[in-house]
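Both complexes shown next keep subunit A, but they swap its partner, so subunit B is in the first and subunit C is in the second.
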Partner chain A sequence: METPVLEVNNLKKYFAVSKGLLYSILFKRVDYVKAVDGISFDIKEKEIFVLAGETGCGKTTTGKVVLGLYKPTDGQVKYKGFDIFRIRRRQWRRIRHKLQMIYQDPYESLNPRQRVFDIISEPLRLNKLYKSKDELYDRVMKVMEDVKLVPPEDFMIRYPHELSGGQRQRVAIARAIVTNPDFIVADEPVSMLDASLRASILNLLLEFREKLGVTYLYITHDLATARYVGDRMAIMYLGQIVEMGNIDDLIENPQHPYTQALISSIPVPDPEYTRRKRRIRLEGEPPTPINPPSGCRFHPRCPYRMDICEKEEPTYVDVKDGHIVKCWLHIKR
Partner chain B sequence: MNKNNKLLNIEDLRVYYVMSSGSVKAVDRVNLDIGKNEVVALVGESGCGKSTLAYSILRIIPYPGRIIDGKIYFNNIDITALPEEEMRKKIRWRNISMIFQGAMNSLNPVMKIKDQLMEAIIYHEDAIDDVEGAYLRAIDLIKRVGLDPSRVLESYPHELSGGMKQRVVIAMSLLLNPKLVIADEPTTALDVTTQANILELLRDIQKEVGISILLITHDLPVVAEIADRVFVMYAGKIIEHADIYSIFKEPQHPYTDGLISSVPSLVEGKLKKLKIMKGEPPDLINPPSGCRFHPRCPYKMDICEKEEPPPVTIKEGHVVNCWLHVKR
Partner chain C sequence: MTKEIRLRQKRKYGERFREIKEFLRVYRKNRLGMLGLSLIIIYVIIALLAPYITPYDPFERVADPFLPPNPEHIFGTDELGRDIFSLTIYGTRISLFVGILATLLSAFIGSAVGIVSGYFGGLVDDLLMRITDLFLIIPGIPFLIVLSVILGSNIWNIITVIAIISWPSTARLVRSETLSLKTRTFIEAAKLAGATDTYILFRHILVNVLPLISASIILTITRAIILEAGLSFLGLGDPTKISWGTMLYFADRYGAMFSTNPYYIIIPGIALSILGLAFVFVSYAIDEIVNPRLKTRRLR
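Up next is the complex of A and B:
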């Protein structure tokens, strides 16, 4: 069996909540935001794996942990078989440039005082991935053409404020692919862009998978764009994966009540269809991840709640060819 | 005076931001109408002038913007000619209210929800003495938007979730029983499940209370969900308008078509080949000559650069400004 590009095992990331010195002395305890609480998945080569969920479900934290930007509280992240939190620093530095990230907001992720050339060439300079000035220049030129910032001579001397939102996101993508990475975390790469520009950015990501063999972790709350680019998808709720599987199968036959509600809430750009569809309404909003509900975390909002849901946490059940769901409704008892 | 019985009628409106470096022609000869009990969507990308158009209906265009010419008739009264005092007393909030973009984040953080709601009632109704009445009305409205008054009224904004705050903002817009509510991106910052609840609420209220809504958004799926009619705006101009079904099924302007075909659909997934529009929207200080879309248009002809296309009626209520549809 081939090794997956990325393997995540029982990953946990808690953040301590500071309530002041007095509180911690008096009550002798620290509260934690359990942003990610025991998730596992793996991503195969050239696959686009989507991590989807609503605000605060832990999807962005997961993306940062798998790149080593946060240290996990518990669990493992393996890149091509190497545990990235166990390997030696020197070795990690050697492979670090093979993992890259594209951030959500191109207005904030580019240094306003650097020119486009310096922004894109920085990963090469930091990792000393070039032999001569000429090579550096050529590689930046080439990558700018790849992301269609043409003519490159024209763009490379500009500052971010001289670019439009779409162009900035192209710079961000160029910066991510200039090191020829194997794996990119794309965190909501199109959510800040206008509709007419989104499609071209999405197609750019798909193109780099074909041309350069890039594997993606695509983080989003927008299931429509996710379905356009993704192969497999995991739905997160309060720090846990509640359902995971082939993206088409998951969207057409959602099994978890939360996924069902989420999918039925999404408007479709077809007035006849979208007004006909039946929507599952959810009561309330996701609770805080500081003290998540007992048992199944979705139970306070679930329309099919049973007694056991409050008491025990459900396990994963494989409903069909690797389509797994974490719900008591699917567990035979 | 216009003669139809529309609630709002905008005729040849021009709103420019006049600056030393040139005027930004944010709204340029725009015609738009809203009927009674109607949800009209104004669709366009960032910087196309859609928010400026909304501000001009309430006459709250930020400096240095101003109405250059054109008329805005509300119930057959030209509100561009009203003195500011009358505008404030009779039109703003009493007849036309607005849900501002990101309004849920501009609730006063040090005032209880109760006080924020009552303040608006008391000042607008000139009923400084009738605190009791204002309180009852606040309770009423909070219930109307599906919130629990005992939980919400005594709370400060930071104690409420995003969805709850958005409901408070909607309640605020309904305080004085307006006839028209302008909603500028009312759901953009919300999660999809919350967004669906808010859209449902807006539609229910619109039907029950019988108001009209002008929905300003760039989000086509949301438009498909609740609008009756759609106006598409590009670079300061309305380029097409029609009923909701015609716009999505038979878009006539290449821009409308491009916009609709570039939005991924949850249902179609990878089967829908997304169309890519080349280029980006122009800047509005020196917009392109002729048809403003011509530099990006796949069907560009010689005339598009030279002359602005006149409006062409495709069928009853479906109008497009494009040379492709002009018989010459």
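Up next is the complex of A and C:
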């Protein structure tokens, strides 16, 4: 079996909550937000792996740990077999530009005081990935044409505030792609864009997979765009993966009650269908990740709640070739 | 290579000063600001051309002491018989020189401390901010007096002393801006691209706090000029240099107010007030344009 591009094993990331000096002296304890609490998954080469879930479930934190932006509390992240938190600094320097990120908000992710040329060429300049100024210029030119910022000469000298949202996102993508990365974390790359632009941006991502062999971790809460680009998907709830599998299978045959609720909430522009459809409404908000519920974390909101759900945490069950689910309903006792 | 050159040229002539131009366009509409700016320019010209404007050498006795204003000496003479008009003109030089240099020094220290403290946070931040607080709570004038007595009255010491008490406010300002910049995603994106902390500090943080620093510089200059005058008036100025402060000190000492020539005290006082006012006008105008809460129209 080929080694996956990215291997995540039992990854945990807790953030300490600061409640002030007095609190910590009086109660002598630190609270943690368990943003990511023991997740594992593999991403194969040229695969688009979707991580979906509600706001605050730990999707983005996972993405950032995987890129080495946060140090994990526990667990491993392996990029092509190298544990990225254990290899030497110098070696990490050399491969760091192979892992890139596309951010959600193109208004925040570009320095307002840099020109487009400087923004896109920065990763090349910082890693000294060019031999001459000509080469630098040509590579920026080429990548700008690839993301369809044409004519490049006109865009190069502009500042971000002179561009539209879609153009900014293209600049951000160009910057991520310019170093020829193997792996890109795309954190809701189209959620801030007009619906009319989404498809063209998503197609760009697909195009780079074909042309450059890029592997993606696609983070989103929008299952419709996820299905458009994704190969496999994992559903996260309160820092844990509750269901994972082939994306079509997962959306057509959701096994976990939470996934079912998420999928039933996708709006379908067909009133006839909507009237017939049974929508699963979840009660309440997700609980705080500081003190997650005991047993199955979903049990307080679950419509199929059983006694055992509260007491014991379920294990993963393989329901159909690689489609795994973490729910007592599927565990035969 | 031709492409590179074309890009360079476009950068150079096309839009390099676009932001500055836009700023000036808005600034020009601010009457008070324009008045302040013109006054400052006049002062600077006077300071530069002092030897050509003055009718007499300010260090020479040219007439009897305490002469009232007359056709030869429009503001009369001082206790030694020197020409008040010439003295005041030369005083502009020292006041501006001390003001600007002390401000630049304080802006440099303040920005460095503020950026490092805000960016690195943690222990570094705590340490630097406690030092800043220490300097911030020291009462300015008494501290200045003590320091200048210890260091001695020469112009470089005065500049240092003024810078020492002015930098903390800049440091605080720059730190808070750095703290907010630090959380912007483009900083994280730079880290992903392989940027080191030093690179991020200079290329991403510094360029974004620069407008704020330049706005604070204007305010500090006013303070520095007044502080210099205050110190000199208390007799702690550089006795070998003529500044408005030292003129006021000698005028006071020789009882100019009740002598035959009260202009000795009035003229440097007025020169000082107008310059101070001019800088305040400019800083109000800049504040109105840059401060988002006072902004009447968006710059960008």
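Odds and ends about this structure:
The rule we apply is simple: the second predicted complex is superposed on the first by the 331 of 333 C-alpha atoms of A that agree within 3 Å, B and C clash if a C-alpha of one lies under 4 Å from a C-alpha of the other, contacts with A are read in each partner's own complex, and residues count from 1 in each chain.
Assume contacts are C-beta pairs under 8 Å (C-beta built on N, C-alpha and C of every residue); 3 or more make two chains touch, one makes a residue touch a chain.
On a predicted model such as this, the values are computed, not experimentally measured, just so you know.
With the C-alpha superposition on subunit A as described, subunit C and subunit B fit side by side in the combined arrangement. Applying the stated contact rule after C-alpha superposition, one finds that A:110 touches subunit C and leaves subunit B untouched. In the superposition on chain A, contact of A:271 is made with subunit B only, not with subunit C. In the superposition on chain A, contact is made by A:223 with subunit B only, not with subunit C. In the superposition on chain A, A:10 makes contact with neither subunit B nor subunit C.
On the chain A superposition, the C-alpha centres give an angle at subunit A of 80° between subunit B and subunit C, rounded to a multiple of 10. In the superposed pair of complexes, A:263 makes contact with subunit B only, with no contact to subunit C. Shared-chain residue A:67: touches subunit C; no touch with subunit B. When the shared chain is aligned, subunit C comes close enough to touch A:133, but subunit B does not. In the superposed model, A:101 lies in contact with subunit C only, and not with subunit B. Contacts of A:285 after superposition on the shared chain: subunit B is touched, whereas subunit C is not.
After superposing the two complexes on chain A, the shortest C-alpha to C-alpha distance between subunit B and subunit C comes to 11 Å. Residue ranges of subunit A in contact with subunit C, taken from their complex: 67, 69, 93, 96-97, 99-101, 103, 105, 108-113, 115, 117, 122-123, 126-127, 133-134, 137-138, 141, 153, 156-157, 161, 172, 175, 179. Put simply, subunit C touches subunit A in their complex at residues 1, 3-4, 6-7, 10-11, 14-15, 184-186, 188-195, 199, 204, 207-208, 300.
For subunit B in complex with subunit A, the touching residues are 45-46, 161-164, 191-197, 199-200, 218-222, 224-225, 244-245, 248, 258-260, 262-267, 269-270, 272, 274-277, 280-281. Across the complex, subunit B is touched by residues 54-55, 164-167, 194-200, 202-203, 221, 223-225, 227-228, 247-248, 251, 261-263, 265-275, 279, 281-282, 285 of subunit A.
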